[in-house]
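As written, the chain order gives the labels A, B, C and D, with residue 1 at the start of each chain.
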Amino acid sequence: MTPGSVLETITSKEARLVIDAAAAKAEEIGQPMDIAVVDAGGNLKAHVRMDGANIGSISIAINKAYTSIAFQCETGDLQGVTRQDGPIYGLSDAHGGRLAVFPGGIPLVRDGNIMGAIGVSTGTIEQDQEVASAGAAAYLEFAIA
Amino acid sequence: MTPGSVLETITSKEARLVIDAAAAKAEEIGQPMDIAVVDAGGNLKAHVRMDGANIGSISIAINKAYTSIAFQCETGDLQGVTRQDGPIYGLSDAHGGRLAVFPGGIPLVRDGNIMGAIGVSTGTIEQDQEVASAGAAAYLEFAIA
Amino acid sequence: MTPGSVLETITSKEARLVIDAAAAKAEEIGQPMDIAVVDAGGNLKAHVRMDGANIGSISIAINKAYTSIAFQCETGDLQGVTRQDGPIYGLSDAHGGRLAVFPGGIPLVRDGNIMGAIGVSTGTIEQDQEVASAGAAAYLEFAIA
Amino acid sequence: MTPGSVLETITSKEARLVIDAAAAKAEEIGQPMDIAVVDAGGNLKAHVRMDGANIGSISIAINKAYTSIAFQCETGDLQGVTRQDGPIYGLSDAHGGRLAVFPGGIPLVRDGNIMGAIGVSTGTIEQDQEVASAGAAAYLEFAIA
């Protein structure tokens, strides 16, 4: 019945290391976070809601990670261009919904290929971005190692 | 602006222990799984998609855990009663969708209170149930310890 | 702004060859078809609606291909088990919708990895399956070549 | 059971020629694109996601083509009028969703009739428009030939 397995672009072990690195940064700055990791297809690989993080940020963290895959960029890069006077104002409607167009979503890159993405939410956008960056940096490290 | 934090009914540490216990059982039986843990509010606390588990089972695992909270029972308990000739046939439509009415979702109980739930998907329903049971049993153990 | 490209699991050239092989079979049996190819993440890579094929089958073809990825199997394998007395009756509700649980969706496999899937719709389920099989067989051939 | 076939306003052969012309322009400018062609009913006729194009632009390309049919104009024509201070601000909500109100969607015209539309996405709006124009121009050519 099963001819094989869908190709994995990021392993659950890698996803956990990324989440742990991000969570360590979140603890360091004293801001609990929702943290999600998706694979190269934008599908959820792992998620954790730290104690005290927002329930409403569960889907935002997942959607930030998805959006980073969907447009091959950091979600913060979409903020200016989608504002009311920006060139792609209305992007989320055009896409069908679920896009996050503010900081906190960052691609996970290896050898020039985007293999997944991390999304972080609950804090300020600066905090979300800092924590997501810590996760992305950790991924880069074991990519090099 | 923030008066406090929403009461946590299950910690991220507990959620991880539950997932790890379930994942260990999944590896033992050689069937990769999607595993989700929700809190007493039915909101996602943690999720992992083991390598080789179904992409389509991400939402099913989450929805099994949700359904266990939603109706305060194992999802398998809903199977007979929601069938074509059952007394609550049409339950998912009546609810608005997202219910899972086959085995794999089990409440996490402490001192008679449902504090969360685990949902497992990708294998047969017997395998899903076995892996979810391993997670629920682990929760019970540290509740006692 | 772009750190790299999302890893491609199936190329547009491969997708076209798969569609052309399927379309050739569809012409041979005299049944115009909607034909879709998705990548390993379940995301649309290419689609064609042959002249005379159903408008209503656009999404069905796409969803058949998606479902084959989502559950790592042929969509026909889901038919019996999701029927009203089957073990996973209610699968589509549990998933959130868009699943196709009748023949016409087949994984595209290379070296034991599912790299994408084809979905075919408009004809009878036997015709849909035959045309999808022709596409999947063509993929296997250039995988070997 | 089948009284005939729904009138085709654009053939799959024509759709392929339009897509190929657009893809050639995309390659010329070095920007991979999602390219979609819909018929006069706004229904998808063909789609291709070029290698390296955005996953998030699949639906946007399709929706740009749909929007061009839906309002019988280029999607870029809707940009000013739907902005915050424009006369039809809120158009997408009023419609029910899925509209694209920035450049990249262009009608395919023959003898004064809109027979279909092309939608292009992934690049800047200028690039999207340029590639869509190449597809529309190709359609005009074989309409004349």
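To be clear about the criterion, a residue touches a chain if its C-beta (ideal position, glycine included) is under 8 Å from a C-beta of that chain, and two chains touch if they have at least 3 such contacts.
What you are looking at is a predicted structure, and each value in this text was computed from that prediction instead of being measured.
The distance from the centre of chain B to the centre of chain C, with each centre set as the mean of the Cα atoms, comes to 30 Å. Chain A and chain C have centres, each the mean of its CA atoms, that are 28 Å apart.
Inter-chain spacing, taken between the CA centroids of chain C and chain D, is 24 Å.
Residue positions 5-6, 41-43, 69, 72 of chain A are each in touch with at least two other chains. Taken together, the touching pairs give a contact graph of some other shape, not a line, ring, star or complete one. Chain pairs that touch one another: A-B, A-C, A-D, B-C, C-D. Chain B makes touch with chain C in their complex at residues 54-57, 59-60, 63-64, 79, 82-84, 92-93, 97-102, 124-125. Chain A makes touch with chain B in their complex at residues 5-6, 8, 11-12, 15-16, 41, 43-52, 55, 58.
By the touch rule above, chain A contacts chain C in their complex via residues 1-7, 9, 39-43, 69, 72-73, 77, 107, 109, 112-115. Of all the residues in chain A, the ones that touch chain D in their complex are 41-42, 67, 69-72, 84-85, 87-91, 93-97, 99.
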